[in-house]
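Have a look at this one.
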Amino acid sequence: MLKVGLLGAGRIGNVHAKAISAHPGSKLVAVSDVFAENAEKLAAEYGVAVKSSEEIIADPAIDAVLIATSTDTHSPLIEAATAAGKAVLCEKPVDLSLERARACLAAVEPTGQPVMIGFNRRFDPSFGALKAAAQGGEIGKAELLALTSFDPAPPPVEYVKVSGGLFRDMMIHDFDMANFLMGEAPVTVSAAGSSIVDPAIGAAGDVDTAVVTMTYADGRIAVIKNSRRAAYGYDQRIELLGSEGLLQAQNQLENLVVKSTAGGVTGAKPTWFFLERYMPAYEAEWAAFVEAVEAGTPMPVTLADGVAALAMAEAAARSLAEGKPVALAGIQ
Amino acid sequence: MLKVGLLGAGRIGNVHAKAISAHPGSKLVAVSDVFAENAEKLAAEYGVAVKSSEEIIADPAIDAVLIATSTDTHSPLIEAATAAGKAVLCEKPVDLSLERARACLAAVEPTGQPVMIGFNRRFDPSFGALKAAAQGGEIGKAELLALTSFDPAPPPVEYVKVSGGLFRDMMIHDFDMANFLMGEAPVTVSAAGSSIVDPAIGAAGDVDTAVVTMTYADGRIAVIKNSRRAAYGYDQRIELLGSEGLLQAQNQLENLVVKSTAGGVTGAKPTWFFLERYMPAYEAEWAAFVEAVEAGTPMPVTLADGVAALAMAEAAARSLAEGKPVALAGIQ
Amino acid sequence: MLKVGLLGAGRIGNVHAKAISAHPGSKLVAVSDVFAENAEKLAAEYGVAVKSSEEIIADPAIDAVLIATSTDTHSPLIEAATAAGKAVLCEKPVDLSLERARACLAAVEPTGQPVMIGFNRRFDPSFGALKAAAQGGEIGKAELLALTSFDPAPPPVEYVKVSGGLFRDMMIHDFDMANFLMGEAPVTVSAAGSSIVDPAIGAAGDVDTAVVTMTYADGRIAVIKNSRRAAYGYDQRIELLGSEGLLQAQNQLENLVVKSTAGGVTGAKPTWFFLERYMPAYEAEWAAFVEAVEAGTPMPVTLADGVAALAMAEAAARSLAEGKPVALAGIQ
Amino acid sequence: MLKVGLLGAGRIGNVHAKAISAHPGSKLVAVSDVFAENAEKLAAEYGVAVKSSEEIIADPAIDAVLIATSTDTHSPLIEAATAAGKAVLCEKPVDLSLERARACLAAVEPTGQPVMIGFNRRFDPSFGALKAAAQGGEIGKAELLALTSFDPAPPPVEYVKVSGGLFRDMMIHDFDMANFLMGEAPVTVSAAGSSIVDPAIGAAGDVDTAVVTMTYADGRIAVIKNSRRAAYGYDQRIELLGSEGLLQAQNQLENLVVKSTAGGVTGAKPTWFFLERYMPAYEAEWAAFVEAVEAGTPMPVTLADGVAALAMAEAAARSLAEGKPVALAGIQ
């Protein structure tokens, strides 16, 4: 039974608390949050102790920590927890600073502690089935990958300001998905973006609509479309063209009812947002973490994966700023 | 916190144990089964006591019992449990004998205890959405209902022999769904059937493929198609034609991946069987039961509903035997 | 070059005129109609002569006649045309009287002239692909056939009164499709029906909503659903369950656009009615007729097929009237 | 009745001959081709005269010419035909040289003769419906356009060598579609491309897989994906995200049959290539041309549209060569 301390009791912390508690091999034992009431509410719901992050990390009875705090605390908490011998599952992104994330990676490696980054989409059953089909050669050799990720509604500008920007906050999931599906990092990253959804996002220095194209050493190409707004719900689709066919992962719908009237044939919308769409993926992510910790096998998503995706986000941001493609190798 | 005793620890008993345990307002406290090892295995998994059904019913600390035993014990257990002041959720069918089921209904009524029959499909989100749309007038006035229910593979003949036959064992779900969607019982029931899937089923006196047509007092018509075998998985669809349109509830698929190759465009199959398809419905069913017990409100599916569906099964069996439509009113 | 006389210049006559003219191996040369203006309008459009039906049949320069007149004239015109040595393509139904249709069949046989009945749906590419897949064993052995045919809107009651009723006028297409797909006639026919769409149709002695179940000697079952009204357009679907799977032919849509908004995900409706849906089938039907006439090979749909479907319509009408299944063998 | 001379009797010339002949308001009267046998075969099929292109252009009895010759002859033939007072429908692209195409445009304008460029996809019913929905405000303000165009199989390298390259030969359709849907030209064009489908295409200096991103003055973004190979057939899809929703135009399938077996749920593939998919669009294109010529109204697609798309292809080629986005305004 893996005893787990949860750092961070916000929205995503609550998602993880549910997954930790539902898993037969793990037990939530303590929770921390900078906002005491968040921690107390979650602690009450699950019957666990409220502690500080430092206390949780220092507690020898705790085997693993799940870091769901604000992004700026991720690197120091990963370093502290691994130094204290904990296994770590940390939410994305590793850090907003690529340099800091790389320092974290360097600091963690000597500890030998397992660290997993929470790229939950890798654990979506449909995306997993798509990858398995591609790896099984069902469409021959992969050539062209297209990822579509649209959020249902833009976040508040206050969030945007501290988010690190669309590339580091939102598209980082797609960068990781590209790495997951293509099996290697791209050579170049080229970004286009604008703040057409909400001018306030542009005024805050960010974009809300973006297309990023990536090229690979062997000629493959990947393209990512992001928008902060899809009025119909969370749009999460993948297309992978190969030499012998196409794989598509389609949206999950709210229900299976179709209505045909004089006004048209209407089906359900995609599920509204990531909680509805990806709760099973969060549970599978946690199960994979527990299994790897218990078995001592490599993490299914590593800290290095987190750094790699961050480098791509950095490259995209630089490409957008400079108005030209950027070589990933040159990103420091 | 509703304290629950589970009578029957077979396949469906395990489904219910999971739903009871997952619900924050109920707690599984004891389990019985005629096969001791079944009871012990389930009891160990959930950390509860093994008792006899009689002990559970007699235990004043237990608030409710869930009856998931063999069909021939349903009526006596419902009667004993309600006499002992328990709330009851009993699996379908109430009984194989309509007369016995009616006697059970008569015995229960004076106790005033709540009894719910486990027609889980009423709690399927898509079927619920279909009913809500129909009730909301989205397709005008209902005219023609078509239910498709195909199991993935036929049961062993030994099961068929004690099942009460396709109409009482399998189509009873569709009879209840027709009542749920049409809002009243039909006037006539007309059945066609054959044992084309497995001649051994025919030799056992049952059919494995059947079409039942029902007419309603106001001219509406319903038709049910059943087959014990659909090689592609559990096929559970509904179509309701109204004066202003059509509502369809489609199958739930294993995943959302579509593969296009020279061989065609291939999507995932329907989920394999009722556990995969209806687990959320079983959880919602249990939640509805708990809520109604706690609030003292009417059961969302009553013992009378169970008797009504059984009468339709009886009528269908008689129609098949007699080779002509049967008036439901004449079924004794 | 097959020289063709067209008897009947109404709506369906115009459909056939188009198909005849578009075919490189046939040429429309004359047209008749009891309403002179109909004939003149069509004749002007195609630059052909207006003649009486008798003149067309007597004209030795004409090789084939297409009969698209009112149903009561079909049998005498088929007899006259075959006696005059013409090849004949006649619209369905052969006659409203089964006895008269059988007499027509008996009269035609000695002439040795080819007669085809216009069951256009056999030439629909999707239905053809479904049959080919079934015959190719792609779903194993057929077990349960379900046909859905809903018209977009009910016809005027004046039409209903002379139509012969839903079974002979509308469902006759489905009876023929069942014969086409099942490869033999059923043993029993059982009908339910009501006039729920339009009480005036009931007052005229007909039904507008019907379900007919048919059983076959080997245990197979077929069920047909008909409604005179589907607010969303012409609903023409087929499902065939076999021992190894299911074949479905879905509706043809007006276009391929899907719109996703906060209101739902909306696609195009089915094409509106038979002209939109089946024009390619009418052209393929005509091409098959021309090819068979020129090659001297058997007609792809025979006069006997027309009589067989009419017998099933007769059986359905009798089943509805008598309130019980009817043996097809007993239909005289 | 518009009398039409067809210049070029190759594959696309035959497509146009069919559309010209099928239209009630136009008549094919002469055909030319540098390969005499091509011209003679088509002439025999339609019963028209074989002439030289010069003779057709000089013939005062001919009202319009359709130019379906090799691309290098388009500009001179457009100039000669308009100088001779003909209305012209010319296949895409106008020319492989943007400079030459601009000269052609300058030469044609003083003649006042109508010239239409054959961007057939504008006349596809689904794409037309998508544009109408967008213009009707059904998804609010457009933000992000994504075009997918995959050919079923790469052309011979010999064709590639004279084609002008993927951008001018294949993606030019998508450039025009972007202009059609976005209503204006982009500001920048950025291309990625590789020859991953067939290295011989790369050796010939071209790419077979490409992604082009375009930005617009108001912040909108468009992205085009092209591949010369989709093993499952011609993949022609459009997605337009707007402030209030998403419009998608999906592929047209070979038929409407769906097969569900233990191996999965399989539907028909997209129609194989442009002839199967776009024949109705070619007919609608021709009808629009005839209507505009007869009415004296502006061409629905102009020579200037052809030049505009060519400039985008030129920009994409330059972007690929230079490895950076290119401002369309700078393309000379």
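Going in written order, the chains are labelled A, B, C and D, and every chain counts its residues from 1.
Quick note on the criterion: a residue touches a chain if its C-beta (ideal position, glycine included) is under 8 Å from a C-beta of that chain, and two chains touch if they have at least 3 such contacts.
Keep in mind that this is a model prediction, so the values were computed, not measured.
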If a chain touches subunit B and subunit D alike, it appears here: A, C
Winner on C-beta contact pairs when A-C is weighed against B-C: B-C
Averaged-CA centre spacing for the pair subunit C and subunit B, given as whole angstrom: 41
Inter-chain centre distance, subunit A versus subunit C - centres from mean C-alpha coordinates, in Å: 58
Sequence positions of subunit B contacting 2 or more other chains: 139, 230-232, 235, 244-246, 260-262, 268
Parts of subunit B lying in touch with subunit C, wherever the complex brings them together: 139-140, 143-144, 146, 148, 150, 188, 190, 192-197, 209-211, 213, 215, 218-221, 223, 225, 227, 229-232, 235, 241, 243-246, 323-325
Residues of subunit D defined as touching subunit C within the complex: 125-126, 129-130, 133, 138-139, 244-252, 255-262, 268
Of all residues in subunit D, those that touch subunit B in their complex: 230-233, 235, 253, 260-270
